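Beneath this line is the structure, given in structure tokens, with notes to follow.
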């Protein structure tokens, strides 16, 4: 369902680039990840651990998020970390685990790629390529994922305006790849009680300006495990086409982002609550 | 209903001041505006024009928002305007009109006070005193409204952290007035496609840290009439105790903020939608 | 000396309000505080404690800053404090001490006024009225100081744009008072290693757009005593007409802002350094 | 000259990573670019066009900036542009022109590299590798330039904290390359009258926390040609070890950034003024 079918131009002080613009293409784009459609009437939940840490961690978490209703699995093999001394991810070994768990559970897999030289490798194992917040304006990378034939999950830079976000997506579409999902994941502001400020107004704005699907990441957006459910509900109410959330089978033992990862029980409970909100806005958790 | 009954301490990097803290007073505070309770299980809608412009404008708008389900009327008589050459409000004449329309409709009235010297005058006509965003750290004013016996609607400064917002409320409580409603109305960020960035994460954060009711202003928060409904729904989903919205019987003729004011029809439609969201989170539009 | 005599219009995306605009009045305005001129060829240093704490503290500090070359004394009697439980200033007793020390040293005195009801009182004792950062958009206060015949030191709001800053000054000029000094004192950004981010580009921008003098407050701008000298030098190099700095005879015992106050020795040393910078840009510390 | 020789720890709320920390290495690091030292007593000026556009443009500009006193030439061959439809740089052809003009003028050359796959190529032609603002957290790229043996000019991300900036530099040093220059180039704030807000307080802060040289880019920092001279002077006064500025032989015809590029005459005049400021802080334009 296209919650903002309106292709009446909106004054925003900048030109929406042509390929991503709803003026060019009024109908909502459906992104298809191995049969899971994002951008239609359903609200799609992507869940999984911040990083792939071990076979046990990944498989247990994957089975549980599937049982809870997630349709796509997330998990990082190459991790962008502020410090060079932090865990940098399991690399190709992590990709292999993701591929295995995908076969077992049937869940398509999304994982981040940071290096132009690794796009081919990551595309071999993953069903959707994620371009992370820190790389939203890494133009060679955008071009490279644009040349791949995989769907792309493009996260908004924490410092990026809506205009810059759309221009980054345009780089991908301009290479011939229209299977792009936009993800609001929190912007940097002066407020410090949350990790970032989740800008939910970006959802109706992006839906209005562009035909691309828009999802929300309340885990990075808040950085606070206890706050994720409230913001996830708000994201569905505001019209997001999906959610991407960090879930861990043992959050307190997670190597990274444990403080913002839901436990398996919390995730299951949240999915129940989200179904009610989705219905209230005329959609369903698909 | 207290959506965040939890009085487990949350690490936020600052001390929550004692009088506003939920650690001091675990039970949610109910603010009573002439019989309308904010902070309970109901979600209260406050609506009305940005500024009182004329008898006709005020009365027509008031009747319509009442019919739509608003419980409290808003309307500015003293307007804080960036430019000295813009309409500064009708002053006492506007207050009198507010008082009259309140008698006719039975809706309690909230209006802004900006000057310590005017607190007594405004309190004579209004049922709740609003301290606006630009005056959130006007300490003499906070003390003065703290000494009045009227409920206070305290808007977050567009540049204020959660900590500063709670400290501002503490100034009011410290004078003996505990009838304070906190209002998130958008913060200033680098993003320019919206007027402000509505920080909905402030709602669960404030509810967790404080016992005071929290409402949301999607009109100033977005500055975009077409975006108000989406953000209003998100605000209810996230757990807000109420909404304050600008509604005008002829938005295109409004002297101020017409671009962010809902028409009477849009307001009526939105109220219908909000009821569904409220039910989905176990509340009702009261 | 008018360092930016240029009255060629600059494209800034907004209209500069008429009374403060250099297009209306190409010549620089000289603000005269009891014979001390700000806005001419000299660079004027205003120094003194954050708050008036005691006779000894005030007099010792005042004598030392005078000896070092300060031309105007600063000191707060009414203090805007984030918490109601912090020291709120000595009030009228502080004003009296300021008036006394002014008579002894011959230094004119600037002090903050926060409340419209106190403008008359403060004007009785002070030579210049300061409107603080938190009150930059307190319009009744701006109008009130505009009606007084005292020079006004208007500090930029920590989240105010250049446009809003100029509009705030316009409120004062619009009441007939043209003796206004603009003060850049740091803006709020995402950076937390400094208290605020001192926006020195505001100086050439304001000088270009307006005829009013512009000074800089490196104490609040950085919040770091050791960094004040470097930023003070930069402020003179960039073209500021003056500086306002916190100096305390015993910074480690200061009731407020000790961490950003220079000691008497540090102040004396800095003044020596500033003279060299002033000469390098064709001015002098007057 | 080490303007902040102090290795007394400063409280900043985070741990300075070990390899970049002045606590680990109290002496200032000298970065040597083909015989030009940055980080010593001299203030080094890097100048040149935003992008290499043509042989004529590059050679004329290079000769002029050399005559004016620049010691290093800048010029982009691979340009990071917000829009895919903007000029993306001349690529290897541009690198060759840079190499040629370097031979003729004797000026070492710095140019940006954006893609891990291009580090070897760019290092073949350039004397210093620039990592641009948008790539400050492109960790594979940081590692790759860390493995090269070329000096690196690392620009601060427009929304990067001081902590993140130092961690990004740590990635490079951690690969064995200590020849890193830090560059403040403006951060993103709410203010829109300038392109970015040049954070000059970053200079003393970085010099205090780290032994690496720190330079300033007033061209990107302001985005306003007429404001560059004032901010360049402030940068020298605040203690910067160098400046990097955009200069173009015909700014009004520049393909990119013409609005912030100095003309050849403006550059020559500025160099004269900068010499006075440098002397006033006990340094020289080297």
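Labels for the chains are A, B, C and D, by order of writing; each one numbers its residues from 1.
Assume contacts are C-beta pairs under 8 Å (C-beta built on N, C-alpha and C of every residue); 3 or more make two chains touch, one makes a residue touch a chain.
What you are looking at is a predicted structure, and each value in this text was computed from that prediction instead of being measured.
**Student:** Hey, which pair has more contacts between C-betas, A-C or A-D?
**Tutor:** It is A-D, judged by the count of C-beta pairs in contact.
**Student:** Between subunit C and subunit D, what is the separation of their C-alpha centroids in Å?
**Tutor:** Spacing between the chain centres: roughly 33 Å.
**Student:** Provide the C-alpha centroid distance between subunit A and subunit D, rounded to the nearest whole angstrom.
**Tutor:** Averaging C-alpha atoms per chain gives centres 34 Å apart.
**Student:** Give, as an integer number of Å, the spacing between the C-alpha centres of subunit C and subunit A.
**Tutor:** Using C-alpha averages as centres, the distance is 48 Å.
**Student:** Give the residues of subunit D that touch two or more other chains, as numbers and ranges in rising order.
**Tutor:** 159, 163, 188-190, 192
**Student:** If you connect every pair of chains that touch, what shape comes out? Choose line, ring, star, complete or other.
**Tutor:** Contact pattern: complete, every chain touching every other.
**Student:** Subunit B touches which residues of subunit A in the complex?
**Tutor:** By the definition above, subunit A touches subunit B via 10, 12-14, 159, 161-163, 187, 189-194, 197-201, 203-205, 208, 221-222, 224, 226-227, 230-231, 233-239, 273, 276-277, 279-281.
**Student:** Applying the document's contact rule, which stretches of subunit D touch subunit B when the two form their complex?
**Tutor:** 159, 188-190, 192
**Student:** If we count contacts the way the header does, which residues on subunit B are in touch with subunit C in the complex?
**Tutor:** 17, 80-85, 88, 114-118, 134-135, 137-140, 157-159, 163-164, 167, 170-171, 174, 188
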